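In the two assemblies presented below, subunit A is common to both, partnered first by subunit B and then by subunit C.
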Partner chain A sequence: MPTEAPDNAPQNAPVLEVQDLSLRFKGAPANIVDGLSFAVRPGETLCIVGESGCGKSVTALSLMGLLPRGVARVMSGTAIFGGQDLLALPQRALADLRGDRISMIFQEPMTSLNPSYRIGDQIAEIVLRHRPVTRTQARARAQEMLERVKIPAASNRLDDYPHELSGGMRQRVMIAMALANDPVLLIADEPTTALDVTIQAQIIDLIEDLQKESGTALIMITHDLGVVAEIADRVCVMYAGRAVEEGPVAAIFDDPQHPYTIGLMSSVPSVGPRSGRLATIGGMVPAIDNMPDGCRFAPRCPFAGPRCDIAPPLAELGPSHRAACHYAPLESAFAEAAG
Partner chain B sequence: MSAVTSAADPAEETIRLESRAWKKLKANKSALFGFIIVAFFVGIAVAAPVLPIADPVATDWGAVRKAPSAAHWLGTDEIGRDILSRMIWGAQASLMAGVVSVLIAVLIGVPFGLLSGYFGGWTDQAISRVTDALLATPFLILAIALAAFLGPSLTNAMIAIGLSAMPIFVRLTRGQVLSVKTEDYVEGARAIGLSHFAIMSRYILPNVFAPVLVQATLTVATAIIAEASLSFLGLGQQAPAPSWGSMLNVAKNFMTQAPWMAWWPGAAIFLVVLGFNLLGDGLRDALDPRES
Partner chain C sequence: MLSYIARRLVIAIPTLILVSIFVFVLQKLLPGDPALVLAGEERDPAVLEFIREKYRLNDPILYQYFSWMKAMLQGDLGISLRTNLPVTELIADKLPVTIQLAVMAMIIAFAIGIPAGILSAVRKGTAIDYIANFVALSGLSIPNFWLGIMLIMLVSVHLGWLPASGYESPFVDPLKSLQTMIMPAFVLGTALAATLMRHTRSAMLGVLKADYVRTARAKGLLENVVILKHAFRNALLPIVTLSALLFGELLAGAVLTEQIFTIPGFGKLIVDAVFTRDYAVVQGVVMCTAAGFILMNLIADVLYFLLNPRMRSSL
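And then the complex of A and B:
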């Protein structure tokens, strides 16, 4: 019975496999996340991309069992992690996993640390919670982690309060906390959004380096395609609560197949001579009480036709490249239209 | 060529919250003044047994209602007791009443406020409704009613004052918890698997504690007045043991013949209350870690 991550498992067995996850806010007429499936393997980085409000962050919270009770709930789906379904685990068991085998980095480093607690103690706390160690050992681990996230003069910094650190430093502390127990899976929810651009690059590099060192699987939630290009192995593009396209990062960037992904890629400014206006996607994300029954992107889609009234399944297009569009792959659709 | 070491300057690492709060408190003139007043009265109250003063309950029929003199610095009362001595021993009763009743209020009020704000729902409803009912009754009336119900003694007066001051702390703590519990670091604490108890005691309590401490300091002043009021009504310290309130109670009968009997306890209550208020205000400024 695979309760612990087995050593003899094939290397590409997923660390986390989410199937058909649906979430709904209380009183809402439609699911905020609808039939989402994805998997992430050891050492792999999966980027979940999408605009604000598409359900990225609630997905992460639901996996951690942190959905605010009475506000949002899981409608269907499984999330298999180490042989257990995270969505079915009791709170107590989830609390034992959180911070130990699954860790999370939050968006706002300025407010994510306890202001009345020295940072060394905060890192030590997560170790003490999950490991049978003494206070001294936990503190030594805290210092080691601060060194690993490249905080200068780590031993002096242990006794600092969060307000004595800059935003970038605080995010490093958050990363140190998240990795203190060598988690199997790290979920980073827009870890660089609140930071300025130069610090963003440093933090992304740091996360990438630490992930390579430790072999942790990483789910990076972001709306920044620059971050995706830099760090992702695989990408899952979400639109209005559904996965519209999923595949290796190269395939998503070089050969996007879903009209939304295509729009997303062409809306990124590039360095170099400009050729015309930057593309935009017309219209707005539909409101939750006005979700189309079929393809949720259809109202904004230049290709939309009558068959888009039925929600398209994720169709296999290439090696682990899938898109949820009736017209995918586009080449064949064009050929069909021409012929 | 030797590499330049990158060790941080240790001097810049030494500024810590406690020392900074203390520095800010010392730099605040009025807070320092308040602290000195409070320290003075605490000092004489603690030192009462060893100070070379007369017995506070010894009567002297040869020196009834004598004005301040070299023999009796602050004068004597209606049965010839030394007022200086009674003032000093009375400081014990007043300060103790202030501090103990506030401790009672904090020890009961803060946990209820924490539970109420943290869990919400029916826990919050139950605790908040009782708090509202208690707050609807004027503080002193409630204290008098409770003290009358418990019976006249200093201990019962302290319990009555503590219970009457308790709802303020429930309300204050609850409000603070409501704002603190939505902070990202509380969610972060849940995300590392901490229990409700650990989150409440280590992530929420320390961050709501500064306003509670300030309120406690200010409430000590209120409680001292309440104790004086209860003693004035005969519900507090019982004769012949001295307290400032009971001294005033007697002094009111001799306002024209021996006004000094009322001056000293009145002035002492005024000063101590002023001291605690100044100290409380200063603590409020000093304990905010975000304000430098």
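And then the complex of A and C:
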């Protein structure tokens, strides 16, 4: 069955392996996402972090086949999921996976639910689409999901319209919908950015709990290093459409190797509770029509040198820890400089 | 909901009064003396005086207005000067014809305009979109009377497929009724289809960008479900409002089209009445049209409420 999860795959084979993904907007002179690679293993949480506009959302949308048509295009790359390349699947086959094996929740809970339909029906709809169930069974599943996302008095809420719910509640409904068919992979694109601070933590905890419960792999796109510290197993740091560093969460926080990551971490204490947004680094992300040919971070990099005119590859530094900088690991660079 | 409708009906009363004053005053300002028209070749002052007396044309204007209003409230729209028949009877006679024409035209407009609008929005920027827009623009710029005449020439005169004119009640002979009405309904319907298509297109373009449409796709729903169930449902509001208003306009009578196809509807009634200075008929028809228009507006509002859960629960 092409739509099934890779049951017979070795335990640690990635659920999703993205390689050399490049995306471009129509008429743009450079790729908005350029040669991006990452992988997520079963039950694992991968956090993708990076400044606003670095291409996190378009990456997620491209995996779902939801890039705005005729506006954005996949230039290269593969995204292997369950033995199939998501980027090469025909629309219909991809639609069969969406909402079933892969689900996504979005940044905008206020507008992501259809205002004309009751939330119970909107959840039941995704079950009916992918499962051979009756309407009654789908509705029962909808109620069960509302209970699982801890919406109080779930059975009374089934017939509510989205406008009768707060932003936090609506995001819970989105989560209920996304998990209704027990997907293998959940992509959460900044699910809390639009919510009140107090609600943010609740939603993150909820996602974390549900993920532990179901064993779903999670790609969490976020700005919030506190969230990363709380839930990530691995982190992929993006800068201007490229992965600049990837590794286990401990390595990223305690032993960052890319100058951009180091800059991000500089405001975060390395012990104790981590919180706060990404640190601001002097300068601005280069505009798409002004991308450096070499390392895209060079204009802001304190370490930039002549070698940086050539784009650095994502090089292996330690156990599954990689960084894209000519001078990584930094220890060797300092040694070189001293010697 | 009911209290809302009641409120709207109360608001409609001053509107109708305004219309009545307007109609009445305009009528009095029109050049020409109805008594002269009625008298025909007769120029005998005594006869004219008799006519004026009979139709109360000599009474003070305010008195004339109030007695007209009073009668109207009792369901009496007066007597047609020309035919000597009660105006209500004339209207009751012509209204079903116009309603039938309006309904048929509306069905044609929906059948063409809405699918075309959806399609051109979904296929925005493609050949389909350009062709649909070109056809719609042509539809808007081709005058109804020209299209009507061309149809008569081609279909009736040249091919002999349909009668060029006349009318048959659908209760007497449904097939013949359809045959006589289909061409005028087509002429009116295509013109409305163009308007409807352009509104459907822009409403759809708006909702297709919405986040919930992206959510629908993320659920794996098939494209036709995404478009019809999730997008179109939310584009309905402006379309419904527009349709009710267009229907109201149709009820006012398609003067030229009815004239060309010699259909005995509202349009023809009012034209004949104006040309013969048949005051009572003109006044009655205009009042009736205004009431119909207000009614369609009300229906549009009610549908708007029913279609919009947010509004519905605020009641």
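Basically, the second predicted complex is superposed on the first by the 319 of 339 C-alpha atoms of A that agree within 3 Å, B and C clash if a C-alpha of one lies under 4 Å from a C-alpha of the other, contacts with A are read in each partner's own complex, and residues count from 1 in each chain.
By our rule, a contact is a pair of C-beta atoms (placed from the backbone, for glycine too) under 8 Å apart; a residue touches a chain by one contact, two chains touch by 3 or more.
Please read these numbers as outputs of a predicted model, since none were measured by experiment.
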Requested in this report: Would you mind checking whether subunit B and subunit C clash or fit side by side on subunit A after the superposition?
Outcome: clash
Requested in this report: Considering only the touch criterion stated at the top, classify A:K26 as touching first (subunit B), second (subunit C), both, or neither.
Outcome: neither
Query raised in the report: Counting only touches as set out at the top, which of subunit B and subunit C does A:K212 meet: first, second, both, neither?
Result: neither
Query raised in the report: In the superposed arrangement, which partner chain does A:S112 touch: subunit B (first), subunit C (second), both, or neither?
Result: both
Query raised in the report: Touching A:G99, do we find subunit B (first), subunit C (second), both, or neither?
Result: both
Query raised in the report: Counting only touches as set out at the top, which of subunit B and subunit C does A:R135 meet: first, second, both, neither?
Result: neither
Query raised in the report: Which of the two partners, first being subunit B and second being subunit C, lies in contact with A:N156: first, second, both, or neither?
Result: first
Query - subunit B and subunit C footprints on subunit A, overlapping residues - result: 64, 66, 95-100, 103-104, 106, 108, 111-117, 125-126, 129-130, 161, 163, 174, 177
**Report entry** subunit A residues touching subunit C - in the complex, by the definition given at the top
**Finding:** 64, 66, 70, 91-92, 95-100, 103-104, 106, 108, 111-117, 125-126, 129-130, 161, 163-164, 174, 177
**Report entry** Contacting residues of subunit A [partner subunit B, same complex]
**Finding:** 64, 66, 94-100, 103-104, 106, 108, 111-117, 125-126, 129-130, 152-153, 156, 159-161, 163, 174, 177
Report task. Name, in rising order, each residue of subunit C that touches subunit A in their complex. Result -> 125, 210-212, 214-223, 230, 233-234, 307-310, 313
Report summary line: Per the touch rule above, subunit B residues touching subunit A in the complex are 6-8, 10, 13, 16-17, 183-185, 187-195, 198, 202-203, 206-207, 209, 289-290
